Each structure stands twice: as C-alpha cells, then as structure tokens.
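This report refers to the structure that appears directly beneath it.
We call the chains A, B, C and D, going by the order they appear; numbering starts again at 1 in every chain.
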Amino acid sequence: MNDPSAEVAPWDMMAVAMARLLKSGETVFHGVASPLPMVATLLAKRLHAPDLTYLNITGSVDPQPAALPVSTVDPALLAGTRSLVTLADLFDLSGRGRLDVAFLSGVQIDGEGRINLSAIGDWKHPAVRLPGGAGSAMLMPTARRVILWRTRHDPRTFVERLDFVTAAGNVDRVVTPLGIFVRHDGRLEVESLHPGVTPEAFREATGFAVDVDERTPTTPLPSDEELAALRMIDPEGVVSSEFQ
Amino acid sequence: MIDKTTTLTEAISAIPDGARIALGGNTLHRGPGAAVHELVRQGKRNLELVKTAGAYDVDLLCAAGCVAAVSAGFIGYETPFGMAPAYRKAVESGRVQAREHACATVIAGLRAAIQGAPFMPVAGLQGSDLPAARGFRTVRDPYSGVEVYVVPALVPDAAILHVQEADATGNGRIIGTRFEDVLMAQAARRVILTAERIVDGEAFADAPETVAIAGFLVDAVVEAPGGAWPFSCTPLYEYDTDYLAAWVSAARDPDTADRFIAERILDPAAAVA
Amino acid sequence: MIDKTTTLTEAISAIPDGARIALGGNTLHRGPGAAVHELVRQGKRNLELVKTAGAYDVDLLCAAGCVAAVSAGFIGYETPFGMAPAYRKAVESGRVQAREHACATVIAGLRAAIQGAPFMPVAGLQGSDLPAARGFRTVRDPYSGVEVYVVPALVPDAAILHVQEADATGNGRIIGTRFEDVLMAQAARRVILTAERIVDGEAFADAPETVAIAGFLVDAVVEAPGGAWPFSCTPLYEYDTDYLAAWVSAARDPDTADRFIAERILDPAAAVA
Amino acid sequence: MNDPSAEVAPWDMMAVAMARLLKSGETVFHGVASPLPMVATLLAKRLHAPDLTYLNITGSVDPQPAALPVSTVDPALLAGTRSLVTLADLFDLSGRGRLDVAFLSGVQIDGEGRINLSAIGDWKHPAVRLPGGAGSAMLMPTARRVILWRTRHDPRTFVERLDFVTAAGNVDRVVTPLGIFVRHDGRLEVESLHPGVTPEAFREATGFAVDVDERTPTTPLPSDEELAALRMIDPEGVVSSEFQ
C-alpha cells in the first residue's frame, strides 16, 4: 500500500485529469453517454473554474443536480437551471465560434486525434454498426477546443488507421485510463502517463507510434481536495459507470 | 375550437407504410413509447425514422421489421445499456439503411423543412467522411466565396411526440427538456401528440411559455397515461431499467427478440401501455 | 457567478462609433428607450441599426446624427403616429442609408450569424425589386437544382435589449412577446441588457421557460426602471402617447427636432429615464 | 336617409368585406399597422370561421383581447393565447406553404396586385422614403392567398406603374373603401363596388384601366348580424383608426 496510485480508481484519475483541463470563463459542452465529462465539468466548476458555463443536451445552463444521473441526457440535469436552451442552440453556439470546449469520444481514435463512431469495416456494409458520432462531425471542427476521452486504451481503440472518419477537428487533449495525449502540429503526443503506468505499457496499448519514455511526465495524482470534491459531487460513483 | 382527440389506434392508422417519421424525445427520455408499440402492433413497414439520438424506439422498430432506414446522429442506450443490438444487426444484415447524420445535420435538415428552404447550411463537417458517404454537398457563398456544407431539407411525413399535458386542440405542454420536439412539430406534414393527460387548455393561457407545441400545428391528440414508457417522462416517471435491460438482452438474438415482442407487445393481455 | 451589473453609462460607452447595433422590441413596444437616449447623450456616430420593425429608436437616433445606415424591414410608428419623419428626412437627404430588408431577411441574416453560416436561404422574394436593389443573390440547390435567395450573415456588434427582469449574471426574463430579442442575443458579439429590475435569479429556476435570454450570452446588465420608455413595457406601462406625439411633431423639422433633443434628452435636468 | 349605405362607415364596410374572404380552418396572419385586418380576422372568427387560426406579430395564437389596441403589434394581442410563437415561426409557416392568408398593404398598388412600400421616386435617392415592406417581400410569394387592403383609393395609390416593386405574389383580393378587386390571370379585375359607389367614380379613382360598368355587382351591405358582431369585438372603433 505504499503506492498511492493503487488507491486511485482509473475513473477518478480520468475525471480529475479532465477537470484540470477546463478554465474559468469557458463554455463547456458534453453530449449523450458522457458520465466522465459530466463529473469532470462539475468538478472543475467547484474547484478552480467557478465561472465556467456548463452546457449539455438537456438544455440546462449551470445546473446544480442533487444526484447525478447515469444517462447524461436525463432531465435530472435540469435542476437549478435559470434558462432553457436547446441542443440546436448549442450547436449554433459552436458554429459561431463561441463554444470553448466540447467533450467527445471515439470507438477508434487515430494519431491525428480523428475519431470513428460510425462503423467497423466498410461503412456501407459494416461488420459492426456503431452508434454514430452524435454531434461530433459538426462540433469537432467548430468548437475551440475538443477534449476526447476514452475509457479503453488498447490497440483496437488507438489505431493507425480509422475504418471511417466520423469527425476531425480541433482536438486539444485525449484523456485515457493510462495517460493524456496533447495534440501538437496535428499529431497526438504523450503529455503525461498516469501514476503507475510504464512507458512500455502505454506504447503497447497504443496502435500508432508514440514517443514515450522514462522522461515522460507523470500526471499528478488527484489531490485530497480534488478527491473530496469529487465525492461530494458524485457520492454514488456515477463516474465509474463507463467502466462497467 | 377543433377537437382533435382520438384513439391511439386511429392516430397511428393514419400513417402509411413507407412514411418518414420523426420521433420525439432523446435516447432514454420522453420518447413516444405507446405510439411506437402501436406502430409495431399495426405492422407498419418500410418506415424511415428521424431522430437526433434514438434508443429503444429505433431498436424495437428495427427488430419488428417496421423500418427501411434510420436518419439519426446516434442510436444507442447510453451507458446503462450500451449499443442498440437490433438496430445494429438490422444495419449489418442490410435490412435497414443507416442514413447516418451528425445530430446537427438532422437539425439542419429539419430547419430547412421548417423554413421552406431546399437546403440548410451547416457549420463544421470538415475532415469527416460523412459528407462523401451521405452525399452532403457544399455550395459556395456568393458573398464571400467560402464553401459551406449544406444539408437537404428533411421533411417528416409525421412527427410523433409525447408530452406531459395537452388540450383537445393540440396545444402541448412539455415539462423540462424539449429536445428536438418543437422542430419536429414544425417540420412535419402531420403531427400526432400523445399526452399523459388531456386538460382544459384555458390554464395554458396563464403560462403560454410552457406550451412548447402550438395547437394549430397538431393533427391528432391522444390521451396516453404512461405513454412514454419505457422512456422516462419527467417528473412523472423514470425510464424502466428492468424492462429495458430485459429488452436489450432479448434483442441480441432475432428469435428471442421476436418472442419478446410477441409476448410483451403484441399479446393484448400484456398490453404494455 | 460573474456579476455583470454596471451603469448605463458604462455599458453604452463600450459601443464604438461605427458599430452595428441590434435594438430589441418592435415598433412601439419594449424598445430599449433609456439605452437609446444614452447613445444620443454619448454622441455616437455612424451606427448601423438592425431591427425588423423600428420606430422612435431609429427615428431619434437618425435625428441626433448617430446613424449611418438602417437595416430593417419597416420603420414607422404604426397607425397612431404614422411615418418616422426624421428617419425619412435623413434617408431622403442621403445622410442615412436605408438598407431595406424584408423583416424575414433580417431574421435570415441573424440566423446565419447565429449558426455560424455565411448566408441563410430564405423562401419568397420572387418578383420583388429588393434583391436587385440590395444585392441579395441566389444560389442553386445542389440537390434539386432550384434557385433560392440567400441573405448574408448579419452579425451585430452589439444587441441592446430591454427586459422586465434580469439577474446579475445576465439571465433575462421577458414577459409577453419576445419579438426578435432572442435571435439578437444569440447573433450579436456583445449583449447589453437593461432591465426594469434586477432580481435574485434563484427564482428563475422555478420557471426557466420564461427566461428568454440565457445569461451566458450577456455581457452587461443595467438596472433601468422605466427603461423602455417611451416604448411600452408589458405589463408595467404603455407607450407614452403624449411624448411620442410631441416628438413626431418636432421631428418633422430639423431645428425643432434639435431643440427637442436638447431640452428633453441632453439636458441633465430633464433626464428622461 | 333612404340609402342604407349612407349609414355604413367605409371602415365597417371594409372590415366586413375583408372578414367575408376568410374561411374556417385557415391560418391567417397580419403584421404591423393593421387595424382593419385585426378586426376583420376577429370578426370572421366570431361569425362564419370559428376554426380559423389567428396569428400576428405578438406571437399569439387565437387571442381573445378584451379591448383592441391601435398598434397591432401590441402585447395586448396576447390575451388568452395558449402558446407563444415568434414572428420567425410565422415566416417559416408561410415559407413552407402552410400560411393560408396574409393581409398586406401598399402605398402604391399596380394592376397586377404588386405593391410598393419602399420609396416614391428613385429607390436609391427617394423623393419620399416610405416605411418599407415589413414582411411582404417574403410573404407575398409564399402565403397561399394574400389579401391586400388600402384605405385610400385614388390614382396615386392604384397606379399604372410602381416606383419600386417591394413585393409581388399570390394576391387574391384587394379591398378598398370603394370596392373589391379579384385577381384573375395575373390582373386585378373589379369584383364588386361597395353600395353607393358608381362605376365612374371607381374608374376615376383607379390609375390603371379597369373594366367596370353598371353590371358590376354591388358588395352586399353589412348585415345586422355582421355589424352587431363588429361592435361587440371593437366597441371603441379601432377599425376607423386607419382613416384618421
């Protein structure tokens, strides 16, 4: 029990890492099936970004939900909102360049930070029909910063070549259970490895070439303050639901 | 005032095979569950379903053989139940065509329909394979010369929406999130409203801001208590976790899906709504 | 929460000469009267005014020499007071450019701005001389080959809107008709809200449907009781018939208009709002 | 006092004539500065068209105002509405072919039923800058039927040639203090003369050629029922305000 990283669940590490990427004053959006972004955004707002504007598909603005829903489109996320906007309003906000951050994900993610949520195999005759990219094809080129997250980090997810490019655009960071990518000059680079993750493990889990070694920084562990705030926001542990 | 109240059977029987139908709500929430079950019971065929993000509605209708195409941005049950197995199999087998959209292009297509415009420009889409796969074209802005993607008008033959309260003339009050229901009500040639309860609309005059669906856009109103089930209907009930888990499990295999539909939807003794 | 409250003087001083300004309300109703008077007092120049249907606001600002162009569908006082004399003279003399729109093309231009699209298609306009006079172009629908008129994005540098209630973070409750205020708040680069009263926004959470202006779109909030005057502000006060009649009479002649402005708007002792 | 037409004010005659043109089930819209259409629509709804849908710029649907405002954009016209739509919604309704009737007017009207509300003289350097066409350039080609009304019927109003075509489109009828035009094959024809109006007077008041003689029908006088309903809807006589 000497390794404090063993006590931090991967969902907690991811939520905290995602929250740290948000700044006060930013407009931040997540869509369907996004428990980690929901928790991360509320966490950032409680900690270092009180003036962040939290937006989601329910149309709430800065809701203060008493309990977090597992479905991130749940009208439970309306609690406390002082106005109602629509999903169309939020796409418009992004379209005119006023959405600062969109959280998106991909079943496949390539080395440019492009995503596939459409199909495995041929799009017209797919081996696996995936759910579809929801708002991503519109949001990824128009949001100022896109933060990707994915709870799986393996070579089938982080691939050399996407079967289909559902969306491409302004990816800034990619957060996984193993570490954080940052995009420089159009390519994903490793920014940090989460505590306990070796460069070899990260390299083997990634299907495209990455430059990672013992000099690669380590993501700071969640602080006591961060973990306490996380427990306060999400006592039921909805943040872990994406890992089931 | 025109009394537009009718039965669910009557309202749904006005929808022909091959119709393009917009379904209200979003993923697990405020979908028109009772109306979807009636579509299954009436054995509709070759429907095109329109929604930004669908779940049980699209999945069930695919399993029941009602669907030819799905125009949507996302089909899945979100985290609790994962992918939509019957939809997935139907597309993979070629029985159903996935007319994949970004959610924003569904909205753009509905907006074009609403405005009587042949197409709607939409920001974004650059770098995506979707425009080529779907045949979305660009036009050159005659003012700046910039190329912008445009989406063709998406005119539903019918929109089926479930609301918490309606009056007999079709005014529909939505409590909480409106999702794309208002756009669908404007874009569609025909609007069918199911409502938890039909009330005297005079009370609506005290808070018309809460009446999301204007009655003059609506063709049929059906009183359907519990009519969103198994979707949620804020603040009256949550989505039905047990039922949806049972369905998603059954939907993985065509035979168990058929049996589920026969026993829990088609069998009058089991009438679900 | 960011406290965005400020004084009218501060809020209006952030608007530079030459700005394109969208003004809320419609004809005689819920225009931002106090803010318009402050624009006059601060001696703004070369503004472009954007509105579907304007009246006293546009007329006064033209008389006071603040305006270079008016992008609107209709400028007049409706039946009670007739045409807008100062606007009319300013256009006829060439001092102000009438960038005439259909009200629907103002809305289309705002919609393009809102959506981040370079242009917006608009149904109609066939047979009108307006497209040729204004340089509105057509584009060919790449799907059907049909030609449709498109209007360029109309992005206001600022929108000035008057509402009945606001909170300090910029949420604005509009009682009654919203006119084009919501579109303006979304389209503009900067939003200034004047409000009859500033309230604790917690109460808004009980009826968010009535909050037409989402606070995160707003940059400045000014408490301005009577701030629509001489426009109406439902349900608090009607438009000021006597004042408007006096103004319209004065506005027919530049000298009497100047005197009216000096005595009733510029003179601090007569402070109108 | 033998001529009953002498007792009927021109505004009453016009309001009743306009009301008769509306049918139950139709969606009917008027804009700014439209007292006569406001009264006519409410009158039709009370008399023969109870299921007409009355729409206006306040965004009300079938309002039941206790007293009529002179400004036809006045939020007083919201009274009793059960939903709020916007002006943009109403243009959209027309754009997609679902607006049955739009009431519009013109400072100049030509023999094709086209209107000028923009300028007298050259549009770029006008002798008189007019208010502008409001919604007409969009509504006239898209509404199924356009009913024009104008309280002035003289050769400066009904002209051979417009100084500027603000709007053109689906004009069905034109109602004036002297009579009613109907459009056939793209030309305004005289449908009826109001009681007491001679063919000569009508011809002289019209700046374009019209076919009118003693065989031209007479508009039926308002019935007692029509007048009683008119007084009930508009006890203050707002209907006359356009004649001041």
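Note that contacts are C-beta pairs under 8 Å (C-beta built on N, C-alpha and C of every residue); 3 or more make two chains touch, one makes a residue touch a chain.
Here the structure is a predicted model, which means the values were calculated and not measured.
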Task: Enter the minimum step count from chain A to chain D; a value of 1 means the two chains touch.
output: 2
Field: Selected pair, greater C-beta contact count between B-D and A-B
entry: A-B
Task: Go ahead and note the Å separation of the Cα centroids belonging to chain B and chain C.
output: 38
Message: What's the distance between the Cα centroids of chain C and chain D, rounded to whole Å?
response: 28
Field: Inter-centroid spacing, chain D versus chain B (mean Cα positions, whole Å)
entry: 40
Message: At least two partner chains per residue is the criterion; list those residues in chain D.
response: 78, 84, 91, 94-96, 142
- prompt: Touching two or more other chains, which residues of chain B qualify?
  reply: 115-117, 122-123, 209
- prompt: Pairs of chains that touch, anyone?
  reply: A-B, A-C, B-C, B-D, C-D
- line: chain C residues touching chain D in their complex are 26-30, 52-53, 72-76, 78-80, 83-84, 87-88, 91-92, 94, 98, 100-105, 107, 111, 122-130, 133, 176-180, 182-183, 232, 234, 239
Message: Touching residues of chain D toward chain B in the complex: what are they?
response: 27, 50-51, 53, 55, 61-62, 78, 80-85, 89, 91-97, 142
Message: Under the definition above, what is the set of chain B residues touching chain D in their complex?
response: 1-2, 113-117, 167, 169, 171, 186, 201-202, 204-205, 208-209, 211, 213-216
- request: Would you mind writing out the residues of chain B in touch with chain C in their complex?
  value: 112, 115-123, 137-144, 146, 148, 150, 152, 207, 209-210
Message: List the residues on chain D that touch chain C in their complex, please.
response: 31-33, 35, 57-59, 70-76, 78, 84, 86-88, 91, 94-96, 114, 118, 123-142, 164-169, 241-242, 244
